[in-house]
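Look for chain A in each of the two complexes below; its partner is chain B in the first and chain C in the second.
== the complex of A and B ==
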């Protein structure tokens, strides 16, 4: 089997997604209104099919989970929830309604349905491709495929001048960020002469980390920081989250973030060095280390990102803006987890920061989605109602929605038994093991600060009297289901997240360690701790 | 190509990139701002081609073709968005779009 054939086998779920997206474009323009209404169903079916195919591909062979298959699985599962959240959004647009108002005179030029769902699927495909990237060119294309459709979704998803403004802001900063991480990729190529990840790692093992290479890595991290809304590329977050329609905001909080963190893990593995040392009980440990410059950059980024996010979050009165700054803060926590990989020991799950980050991405997505879904149930004059005062008296009017909002916020704060707590423990313990005690203290203090604004949301739902405001409640079935699914999963995974933790650990380990060195160490010291399991993982993933 | 010549190309690439960055920050016309990001992309492309020649392989040049494709896609998207905004407010001034704050 040629290398190309193996690669195409691997990206079959993505190919399914692309075909599904093209089908959405066509179905969305069909002459008959009945068939046009099926566009959502086509999109959901595509996601479900891609997800099942990926699960079958992974579970059927005795391959362990890889970063690629885990990312695809997560995207498919969360994607179905996001899609049911967003379903019906393009039908509400004035342009679409006009185009379909006369059954006999359908105007295909103005209808948005097909494009919206197709862009939705294209963007998810981009994230899935990020997970499987093994080349700088590939990673660049995957990141752009993730971002480009989201610009359109933000700008056109709402009949509102705010949406246009946030769309253009998002686009321009996105283009700037793309140029920055592309420059980083170019310098990495310049320092090594290759773009394949394995070859880059081999080259760096021979030449050592050169200044040009470090500069490339740093520029890549800063540029990709835009996708995860990290300092210094976080300025757009609040404006874009506020201006975009709520289902798209929930989409933005999960999809580009996942793409960003998966890419950051991949970029960091380029600089990580696999070492071995004698552990405290007479055991040989295989561990990885990151260059000091990269560690310092990540440290500063993490500390500033979470502090800025939380302090700005305290000053907001619009729930969407609060959740936007909370999204910035959560990126900061995840950067702490990412630093945790800088002394990841083979076979010790609690030191694997990358796995913690993947776990936390799911945890954050669930809590955040539930919060946004409850928020989307509030309307005023046919438009979104997103102020804190709009939530007043929610518990009296709809106790169920208020309870879901409470659960979502508890998970975002990180209180046990919610999944947010388990995720934070996972990431922060890795960072402590790597010796970043100071940073973890900053993170914990920040979590405490963040409780203030989350509890302010809960306070508005439960303890504020509803004045005779014009906020209407429109709890559509989809939104309540999404909120319910998010909250229930957040509780369930908080209580029984061991399996997910195991899978994330298995998924990231082969990327982190250099297979050649692990094998070499095992030849000399077969009793090396955790080496066998790691080697097995690497062996299975690189047949 | 020796490393001396490589440096010249890299400096030109870096200058293009920085000019684009400065232009992006200082100019307020939406189309000029977009052209500035394009200039940043071209600076990177120049560096990629120079590195490609220096390392005697074509990977960098292949990369440039993909970069140009993405730049073209971005241009299409940018012009579409700019037209959408221009229809609303009849101006290309970025300062006219600052209602979201906080």
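== the complex of A and C ==
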């Protein structure tokens, strides 16, 4: 089997997604209005099919979960929820309503439907490709495939001046960020002469970490920081999140972030070194370490990202902007978890910071999506109503929506027993294990600060009297279902997320450890701690 | 009698599920909801009585009815239950107060009734969860979860400044406990670093201190105190309490004073002291000082209060100072006295809040200046008020006395504190008597004075004023059980005390200090010992004459 063939077999779910996206483009422009309305269905079916196919592919073979298959699965599952949240968005736009008002005079130029769902799927495909990347070029293309469609999606509401503003901001800053991490990739290539991850690792094992290589890694981290909205690339967040239609905002908070963190994990594994040491009691531990420079960069980024996010969040009165800054803050927590991969011990789940990050991404997505879905049920004069005052008295008007908002916010605060809390334990345990106690203290103090603005939202829902404002409640079935699913899953995974914790650990372990060294160590010390499982994972994933 | 371990599970699950399913189970009719909730809490009370009757107290240094189940096993988290005699008494206190609170709030809550009882039931579940858990993270979860119901109870049903009170309460306690969270993870990591597994069970973390240096222990202790001292609250982090208490509805105040504050002291006695023995010894004198400042300072503040509820709220700060003083004496008398004090304070202060709530429902004011001589119009209320005020002051024969006496005795005999501590703390008793009697003297006795609109009550009600009656049967039914409990624990404290000896002794042994029969030392000797134990203070107190005094090494301190 040629290498190309193996690659293509691996990305079958992505191929399904691409085909589905192209179908969406065509269905969205069909002459008959009835068929045009089916575009959403095509998109949902594509996602479901890709998800099932991926699950079948993973579970049927004896491959354990890998970063690629886990990312694909997460994207498909959360993607379905996001899609049902976004469904109907393009139809509501004024220009598409005009374009479709006369069944005879269909104006394809002004209908967004096909493009919107197709871009939606394209962007998800990009994230899925990120997970399986084993080459810098592939990683770059996958990241750009994730981002390019989102620039358009942000500007979906073209009638709205804010949407245009955020679309342009997002595009230019995104391009800048892409240039930065591409420059980083180029430097990595310059330092090693190869773009394949395995070859880069081999090269670094021989030459050691050179300054040029470190600079490349640092630039890549900073550039990818745009995708995850981390300092110093977080400035766009509030404006873009506010300007984009709410379903797209929810999309932005999960999809580019996931792509960013998966890429960060991959980039960090380029620099990580697999070591072994004698533990206490006499047991050989295989663990990895990161270069000090990279650790320092991540430390500063994490500390500033969460602090800036939370402090700025305190000053907002618009719920979307609050959630935007909270998105920045959550990236900060996840960077803390990411630092936890240095000194990750094979076979000890709690030390695997990368797994903690993957777990927390899901946790964050659920709480965030539920919060946005409830918010999207509010309207004023046909526009989105996103002020804190618009939420006033929600509990009296719609107790169900208020309860969902409450659960979502509690999970985002990280209050037990919600999934946000489990995720924080996971990430912070790993970070403490890696010796970043100070950073963890900054993180928990930040969690306490974040409680202030989350509580403001809850406050508005529960304690404020509804004034006679024009805020209307339009809880469409889809949005309520999405909020319900997000909140219920947040509770469920908080109580019974052990399996997810195990899977995330399994998925990341093969990427983190250098297979050759693990195998070599195991030959000499077959009883090394957790070594067998790691070796098994690595063996199965690199046949 | 062999008790099934599922009993503990039911104690938590019954209020939890009936709270969550209240809309389904009891519909929307306020009367039905009240009866249903009362029924549930009464059932829970009887189930916890089974614990008291059936539990084998002879072996009470160990956990009984132990039950473990998987949760996040890969992260070392399990749902673990178990009780010993300390937790059994606190569970009883919780389940005993809940029906009383619910019955007491029958007429106070008229809006959003269903929500109110849902929050109360969830609160009960969380509080019992704290007392039965034997895994620190599970403990922490329940500990933190109590914030949410209380936040809503204060924020929705409180008085005028309730929003601020709710927010301050939540943020203050949440901030502290986030630091505790970091401390817990760090403590578990110390085990991992020494080659252990990630395990947050009490048993595993009890050995963590063996892998920690003194300074590590001290830092973790400070992190623990950040969360727990705020909850207690210990001076100087008590400032959230008066606001929260004053603004909370009566039922909220009763639960807050009765049980929620005890979560802090329970956490100290269960986690901070036994798991960090060296740090506990090191901070004990300082905690003693903080407790004493709290006792005296809060008592002085009480004296100046004009609002009855605020007075009782500040008296909680003062009273819990005794509790902390006793526990950091780290001897058997101090520790069992401290636990005893938790129960007694819950009963008497809870009753005082209920009584104040009853007056407030009638007159809509709590100003002492506007309420005088109520004995003339509400004789039954007045008798109860005097009774519980006496219990709160610590009149011998009533419950307050025993705990107060034991904590003072404990600190007097403690090699970590000593007679001076006890003597200064003792002045708190005098101030306590002064402010309570001052309040009772004004509100209960003296010439009758009622707020405007009630003035002509004596003539049988007047236009514009409500006709105020004495306590009705329901209210008397609320207070009688509390009075009986106070009297019972006052006259026969031994039934509780004898069960507390073993766990207290276990904590003392763990910390590694002899608790029994400490000779009463001269002050200098005490200072000398303190200096020996805590060289850090040497620089401060170096000029203390110390040459001619034999210095006894504290067993266990320098190991």
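Keep in mind that, in the parts below, the second predicted complex is superposed on the first by the 541 of 543 C-alpha atoms of A that agree within 3 Å, B and C clash if a C-alpha of one lies under 4 Å from a C-alpha of the other, contacts with A are read in each partner's own complex, and residues count from 1 in each chain.
Keep this in mind: contacts are C-beta pairs under 8 Å (C-beta built on N, C-alpha and C of every residue); 3 or more make two chains touch, one makes a residue touch a chain.
Since the model is a prediction, treat every value here as computed from it, not as a measurement.
Chemist: One more residue to check, A:136. First (chain B), second (chain C), both or neither?
Modeler: first
Chemist: Of the two partner chains, chain B (first) and chain C (second), which one does A:304 touch, if any: first, second, both, or neither?
Modeler: The answer is neither, since A:304 touches no partner chain.
Chemist: With both complexes superposed on chain A, which partner does A:22 reach: first (chain B), second (chain C), both or neither?
Modeler: neither
Chemist: Touching A:445, do we find chain B (first), chain C (second), both, or neither?
Modeler: second
Chemist: Just chain B (first), just chain C (second), both, or neither: which does A:183 touch?
Modeler: A:183 contacts chain B only, not chain C.
Chemist: Looking at A:55 after the superposition, I want to know if it touches chain B, chain C, both of them or none. Which is it: first, second, both, neither?
Modeler: neither
Chemist: Using the superposition on chain A as set up above, list the residues of chain A that contact both chain B and chain C.
Modeler: Overlap of chain B and chain C footprints on chain A: empty.
Chemist: With touch defined as at the start, can you tell me which chain C residues reach chain A in the complex?
Modeler: 70-77, 137, 140-141, 144-145, 147-148, 151-152, 155-156, 162-163, 166-167, 170-171, 174-175, 178-179, 181-182, 185-186, 188-189, 192-195, 197-198
Chemist: Tell me, which parts of chain A touch chain C in their complex?
Modeler: 279-281, 283, 348-351, 410, 413, 415-417, 421-422, 424-426, 428-429, 432-433, 437, 440-441, 444-445, 447-448, 451-452, 455, 459, 462-463, 495-498, 501-502, 505
Chemist: Going by the contact rule at the top, pick out the chain B residues touching chain A in the complex.
Modeler: 10, 17, 20-21, 24, 30, 33-34, 37, 40-41, 43-44, 47-48, 51, 54-55, 57, 59-60, 62-63, 66-67, 70, 73-74, 77-78, 80-82, 84-85, 88, 97-102
Chemist: Going by the contact rule set out above, which residues of chain A touch chain B in the complex?
Modeler: Going through chain A, the ones touching chain B are 136-137, 140-141, 144, 148, 151-152, 155-156, 161-162, 164-169, 171-172, 175-176, 178-180, 182-183, 185-187, 189-190, 193-195, 238-239, 242-243, 315-316, 318, 321.
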